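Please read the structure below before turning to the comments.
Chain IDs A, B, C and D follow the sequence of writing; residue 1 opens each chain.
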Amino acid sequence: MNELFLAAAGLIILMVAIGLARILRGSSDVEKLMAVQLLGTGGIAALLLIAYATSVPGVEDVALGLALLAAFATIAFVNLLDAEQGDTGA
Amino acid sequence: MITLLNVFSITAISAGAFFFFAGTVGLLRFPDSLSRLHALTKADTLGLGLVALGLLPRADSALSALKLIVIWALVLLSAASTAQLIGRALRQSRR
Amino acid sequence: MSILPYIDIGLALLVVGIAGTTIAARDQFAAVVGYVAYGLLLAFVWIRLYAPDVALTEAAVGSGVTGVLLITAGKRLGALKNPAPEAQPPLTLKLLIGVLAVLVAGALGAAILLLPDPPPSLAPEAAAAADSAGAGLGNPITAVLMSYRSFDTMLEKLVLILAVVGVWSVGADKAWGSAPAELRQPKATAPMVFLAQMLAPVGMLIGIHIFWTGANAPGGAFQGGALLAAMWMVIMMAQLAKLPRIDAQWLRVALVSGPAVFLIFGLAGEVTAGSFFAYPHSLAKPIILFIEAFMVLSITAALPMLVAGPPSERPDR
Amino acid sequence: MTPLMLAGLVGASLVGLGLYGLILHPHPLRKLLAFNLIGNGVFLVFGIVARRGAAAGFRFDPVPQAMIITGIVVAFAASALAVAIILRLSAESGRVTLDPEAWTKPNGGDAT
């Protein structure tokens, strides 16, 4: 059972890695924000799977924190990009 | 009962991993930023939900199980809203 | 035959790869986004080392809040996107520094591979301290922070306050006492306001929970405080609340309350239990939680003030 | 190759990468970012010691972990102070670089 968790976690980490490579090589700034979003979902899933397979206690709290922070970082980045467009566009 | 739960876990987690796979395929194959954003936020959120569902029977306590559900709900909320935010920013930057 | 070693290797490569991207990235924005992603991944490595407390702190303070600090600063410098390519250092210099960096990293790596066996450890001592002074705390890390090394923890709070004072004092003289520059200028968009209204209450609940559960499980004052601070910043970014003036009485009281309460209880320990920072055995847990609550307040007030920067008289600078 | 050694090597490479960026990047914020990488690498190397306490019959050694947590927060406080000073420096001088040559030249280098 644990091996299956780890296999799933490995697959998800691989997918996150491919996605990150794609996003961080991308041209536009806004697209790069998706990297944080990707880690906010895929990262948390892999984290939960690995932690359950290796029985690390209290990992749900860490995952909760990560979910909150991924949203927080995205808000902050979008916020500043928006502000920048406001400066030049309007 | 145990085997039934195990089958449930295996099915849910495999399906979850598949959706992450699908999300990444979308990220690589879709032509423009907005549809890539769509693939990323929808498929991956569903994947995380299925993984959390599959881990539910293995949770130590009722509180842990509740937290797994809250994690998913939180990601659902933040993924949907940040997708809106990123999409807006994408549209503005294209103009 | 387990897959775990391969996952470890993959994670290690990913962390180093993303760290390399942040160094190699051309513009500031890509570097900071890469840095936040890297910080979230580093939390994985800490989980693999059975250190969920450190993982949470790293993700919250090390990557999340630091990333926002850097990006805010980049925006204020007006150098978010470098318009002119900066002068590149000559290739020979690059090579030289590269060799130096590889040498330092190699030496460190060699030191790690040649660590003595059996390893030295303070764990038994700390466990003894946790058993005596930090009685009733199931989380040994909280026990260490609050009793075995309590002096460190208090001084660290003082460092946070000193940093806030330092940040405030580099502002212009004329601006003293006013609020720091806004985290956002134009009107907040509807999805942003919605997200802030939904996320902030839930996030605050989670932050308080992580502080509360920190006595027995991973979590604690730092992590809970950092999450609360992040939520306060979200509220200010969505313009649901304004940044406080730095001469506001409540802000200053909140900042000082953590170390002050800590110090009062430390001095009280001298009288009641015979030594500085000793707690009466039966009351240790409630006292530690009480002190920690004020530390959370201090951290929640300090972190956004550090990100917001020095006071500014004009709305934008 | 145990997970411990691997994490230690990650820490060592982070220190190397950070050092490279710290010396070579002329932009102050990039220097700060690189400096944070070094810090994380050091914490990670230190954390290996924490995990090795497991041999003494514990799953981890809480003392180094508690010190790392303290260290992360202090590192953030130092970064915030550095950012404030960088902002003030660029406001006073009109330049956003720490490249020594840009400062010695009479009026070049301040491209931003």
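The rule is simple: a contact is a pair of C-beta atoms (placed from the backbone, for glycine too) under 8 Å apart; a residue touches a chain by one contact, two chains touch by 3 or more.
All values reported here derive from a predicted model rather than from experimental measurement.
Trainee: Out of C-D and A-C, which chain pair has the most contact pairs?
Mentor: C-D
Trainee: So the centre of each chain is just the mean of its C-alpha atoms; given that, what is the distance between subunit A and subunit C in Å?
Mentor: Comparing mean C-alpha positions, subunit C is 19 Å from subunit A.
Trainee: Once you find the CA centre of subunit C and the CA centre of subunit D, what distance in Å lies between them?
Mentor: For subunit C versus subunit D, the centre distance works out to 13 Å.
Trainee: Using CA atom averages as chain centres, what separation in Å is found between subunit B and subunit D?
Mentor: Averaging C-alpha atoms per chain gives centres 33 Å apart.
Trainee: If you look at subunit D, which of its residues touch at least two other chains?
Mentor: Counting only residues that touch two or more other chains, subunit D contributes none.
Trainee: Among the residues of subunit B, which ones contact at least 2 other chains?
Mentor: 70, 74, 77-78, 81-82, 85, 88
Trainee: Name the residues of subunit C that each touch 2 or more other chains.
Mentor: Touching at least two other chains: 4, 48, 50, 189, 192, 195, 199, 206.
Trainee: Dump the list of chain pairs that touch, please.
Mentor: Taking the chains two at a time, the touching pairs are A-B, A-C, B-C, C-D.
Trainee: Would you mind writing out the residues of subunit C in touch with subunit A in their complex?
Mentor: 2-4, 6-7, 10-11, 14, 17-18, 21, 27, 29-30, 33-34, 36-37, 40-41, 43-44, 47-48, 50, 52, 55-56, 59-60, 63-64, 67-68, 71-72, 75, 80-81, 183-186, 189, 192, 195-196, 199, 203, 206, 209-210, 213, 217-219, 223, 227, 230-231, 233-234, 237-238
Trainee: Give every residue of subunit A touching subunit B within the complex, in rising order.
Mentor: Those residues of subunit A that touch subunit B are 1, 4-5, 8, 11-12, 15-16, 18-19, 22-23, 28-31, 33-34, 37-38, 40-42, 44-45, 48-49, 52, 57, 60-61, 63-64, 67-68, 70-71, 74-75, 78, 81-82, 85, 89.
Trainee: How about subunit B: which of its residues touch subunit A in the complex?
Mentor: 6, 9-10, 13-14, 16-17, 20-21, 23-24, 27-28, 33, 36-37, 40-41, 44-45, 47-48, 51-52, 55, 58-60, 64, 67-68, 70-71, 74-75, 77-79, 81-83, 85-86, 88-90, 92-93, 95
Trainee: In the complex, go through subunit A and note every residue touching subunit C.
Mentor: Against subunit C, subunit A makes touches at 3, 6-7, 9-10, 13-14, 16-17, 20, 24, 29, 32-33, 35-36, 39-40, 43, 46-47, 50-51, 53-54, 56-59, 61-62, 64-66, 68-73, 75-80, 82-84, 86-87, 90.
Trainee: Could you please specify the touching residues of subunit C with respect to subunit D in the complex?
Mentor: It is residues 4-5, 8-9, 12, 15-16, 19-20, 22-23, 28, 31-32, 35, 39, 42, 45-46, 48-51, 53-54, 57-58, 61-62, 65-66, 69-70, 73-74, 76-79, 82-84, 86-87, 89, 93-94, 97-98, 100-102, 104-106, 108-109, 112-113, 115, 118-119, 121-127, 130, 140-141, 143-145, 148-149, 152-153, 156, 159-160, 162-163, 166-167, 170-171, 220, 222, 299, 302-303, 306-307, 309-310, 317 of subunit C that touch subunit D.
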